[in-house]
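Quick one: the structure is below, questions incoming.
A, B and C are the chain letters, set down in written order, and residue numbers restart from 1 in every chain.
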Amino acid sequence: MFYRENGQFKSSYSADQAIFPIAQDRVFVIGILLVAFCVVPFVINEYWANAILIPLLVYALAGLGLNILTGYCGQVSLGTGAFMAVGAYASFKLVGFFPEVNYLILIFVSGLVTAAVGVVFGLPSLRIKGFYLAVATLAAQFFLIWLFNKVGWFYDHSPTGMITVRPIDFFGVRVTGPEATPAAKYLFTLAIIATLTLTAKNIVRGRVGRSWMAIRDMDIAAELIGIKPLQAKLSAFAVSSFYIGVAGALYFGVYLGSAEPLEAFDINQSFYVLFIIIIGGLGSILGAFLGAAFIVLLPILMKNLMVGGFGVASGTAGHVEILLLGALIIFFLIVEPHGLARLWQITKEKLRLWPFPH
Amino acid sequence: MAFDLFLLEVVISGLMTGVMYALVALGFVLIFKASGVFNFAQGVLALFAALALYDFLAEDGWFFAVFGFTLPVWLAIPATALIMILLAWVIERAVLRFLVKQEEIILFMATIGLAFVLEGLGDLLFGSDVKPLDIGIPQGASDWLLDNFNLYVEKLEIVAAATAAVLVTALAIFFQKTRVGRALRAVADDHQAALSVGISLDKIWVIVWSVSGIVALVAGIMWGSKSGVQFSLSLIALKALPVLILGGFTSVPGAIVGGLIIGVGEKVAEVYVGPLVGGAIENWFAYVLALGFLLFRPQGLFGERIIERV
Amino acid sequence: MTADSRNEILLEVESIFLSFGGVHALSDVSFDIRKGEVRSIIGPNGAGKSSMLNVINGFYHPQEGSITYQGKRRSQMKPHEAALGGIARTFQNIALFRGMSTLDNIMTGRNTKMSKGLFWQALHFGPAKREEIENREFVEHVIDFLEIQTIRKTPVGRLPYGLQKRVELGRALAAEPTLLLLDEPMAGMNLEEKEDMSRFILETNEEFGTTIALIEHDMGVVMDISDRVVVLDYGRKIAEGTPEEVRANQNVIDAYLGVSHD
């Protein structure tokens, strides 16, 4: 009844190309942003920040990054965990070298470092496709994690082999380490992610995004109409890795506080991010957020329900969770390969027609 | 001289590891050839098979809890094979038939999901602790080789190599001489054509997944006897991926040769290069080798070159 | 179009040999395409027609021979070079980007006309936005021309076959091609759709002066709309000339009626 687009006429291409051409969508998104920026910081507590919102945002960013590569450009990567590690270690080293430089700039540079590493490991994509490429990205996963684990320089030769974030102030407000307030960490993360989401949306709706999708849908035809596969694929690897690198820096700096490569960034991390975009929706910005929410909330719900509700041992609950996750992946691939984002879109289409179904 | 002997031992040990990789890779190739599915769950299948076998043999398993006795080895192995066939049937019914028309990459991701399901199920049913698997394969070094050639080679590894040889021969006969084998090859060549001469695809898929399941069982037995049945078993699956890239996704000889190359390569590299860079390069050596290979010969050693058309 | 430029040669292929591991797809094929004409390539199945188009736009690289396009002679084309040089094409089996809307598909045709980098794209501001809107305007002209306004935002995977063919033509036209290669644009269409498609092809040729190389099986269409025809059989050129000349050629009649080759 209220979700209608009739009467909203576009009089310029600019208006037609807006991110949310339908007024109701615009209002809805502005509302969510207002709540996220102006209400949540005042009510947030330690649990909500550390167990739910910050991991959700960070995973959404990693998902966004992988979705650019896999969902938009069609190149499957199983190296996400390692690329997150590159971002984390880059930010760790950079903060050590330049403690005076603004943290935001260092995170940005960490993203650029990851982008460069991503491009190097993306080079094989020019000759190979599909799961051949997936295996190539596994090389990145195992090699990089080994490197961070073995070479002392990366972790400043700390005896535990772990890296621990230094306390960092961002314009006078502590955003990392145990003294940072939940609200500060949350807002810092949210601001970065909101900005990067907007830029991702801009890229995918423009020329570069179209060339990625063209490569994804039919690479030969794309090449014959003048899209350079080299440029398209490597730019996808670069942008994707940039996002994943920033996500890794935040994952380590703001969320975990300290990290050890074999645990924090192992291959399961790569799978989790892949699952986020499958469940959320391949080739959808919204999908990364929905998928991340799903992946973060599922274990919490499972734990509350099974351990709290039925008194199941937490180890068993963990096994059930793995099983359920796998089953859900299969379910989504069978029933709706475009994930939750597509279901949301269908709901909106239904809503437009409501109460008349046709 | 002593140095050469040491190298020989390293190479032999690598060959034996390679045989294990080859066994997992073989399961991959079978499924990929017949259905175009890149089965990421192959390693977890091996783990699952080993867990099921252990359950029939051990007194802390479900089978003992329900029936009050354990099975002898000669009965437990066919029983596990039956379980694998059943599993293949369930997978076909519950997963594959709904994804027949999907793109390869969707199927690939579905098998990652399948790997998680099997892993969770295995843990849930059998527990996640390390289980010793003893089906009577002799342990320790071969005395004969030690006495006569001063070579240290594990008996288990010799058995594994022999078993693999028998298995490959059996598979070759199965594919060349039997009606079902010919049907499988027909499907591998052309799905549509096979369907049009009356070969039923879902039956073929069950068969090929069953055969792969049994190959996985053999791999699971060998690996489980060597280092116990545990989750890390499923990680061999990941090692089988570079093997496939080396050998080509559709080539049985490729899987074997690729497995041996990777096995020997990573052992030799670990022993001679590892100490220089801090060790544990076994973890990534295979992938980097495969990566190098991809850049120069993307279709693998034995794969077919693809001519692209528009 | 003046008589002078009519006779100017846009593209010339000379003694093209192309083989795939022993199979000869093209042997010693030579012909030219004049500026502004509709040149048809016909021949029985497997005659090497699509291979010829693939050589022209650089997807296949011939072992021997040369290609002279816009006065520049080379032994082979590169796909990207061909696209930048104004060669656009459609495909025998539709090669649209299935996950994208009609509009986005046609916008990809503008790819070679757009240049703003990742930075401006990310901001979607200033030059990048201006470029996007200018090109959108051009694409809207193409959409109007092909009468596909109503499917502007529909994912092409959901469109019926005939419309997909039309969208593919749109994507090629969006590139403002000098030379348009059409690989069986009317295959599998009904009479009405064929008439529409013929009209679009002729209008493209007449209004924009686009040179067209066309592969088509429907002889009626070929005879109606082409200026000159070249006939291939078993990878060799067996005849060429005006539609009337070709129709009367004994070699062509033999090839189509299946006289044995000895």
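Going forward, a residue touches a chain if its C-beta (ideal position, glycine included) is under 8 Å from a C-beta of that chain, and two chains touch if they have at least 3 such contacts.
Treat the numbers as computed from the prediction; the structure is a model and nothing was measured.
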Central chain (by mean CA position) = A
What chain is the most remote from chain A, judged by the mean position of CA atoms in each chain?
-> C
Rounded to the nearest Å, the gap between Cα centres of chain A and chain C is 41
How big is the gap, in whole Å, between where the Cα atoms of chain B centre and where those of chain C centre?
-> 49
Between chain A and chain B, tell me the centre distance in angstrom, where each centre is the average of that chain's C-alpha atoms.
-> 33
Touching two or more other chains - residue numbers and ranges from chain A = 220-221, 224
Multi-partner residues of chain C (at least 2 other chains) | 59, 91, 95
Could you tell me which residues belong to chain B and also touch two or more other chains?
-> 310
Spell out the residues on chain C that touch chain A in their complex, using ranges where they run on.
-> 57-59, 79-80, 82-84, 88-89, 91, 95-100, 104, 107-112, 114, 116, 118, 121-124, 128-129, 131-133, 136-137, 140, 171-172, 175
Chain C-touching residues of chain A, taken from the complex the two chains share | 13-14, 17, 199, 202-203, 205-211, 213-214, 216-218, 220-228, 235, 239, 283
Complex contact set, residues of chain A against chain B | 74, 76, 123-124, 127-128, 130-132, 134-136, 138-139, 142-143, 146, 149-151, 220-221, 224, 267, 271, 274, 278, 315-316, 319-330, 333-334, 337
In the complex with chain A, residue positions of chain B that touch it = 38, 94-95, 98-99, 102, 104-106, 108-110, 112-121, 123-124, 128, 238, 241-242, 244-245, 277-281, 283-284, 287-288, 290-291, 294-295, 298, 308, 310
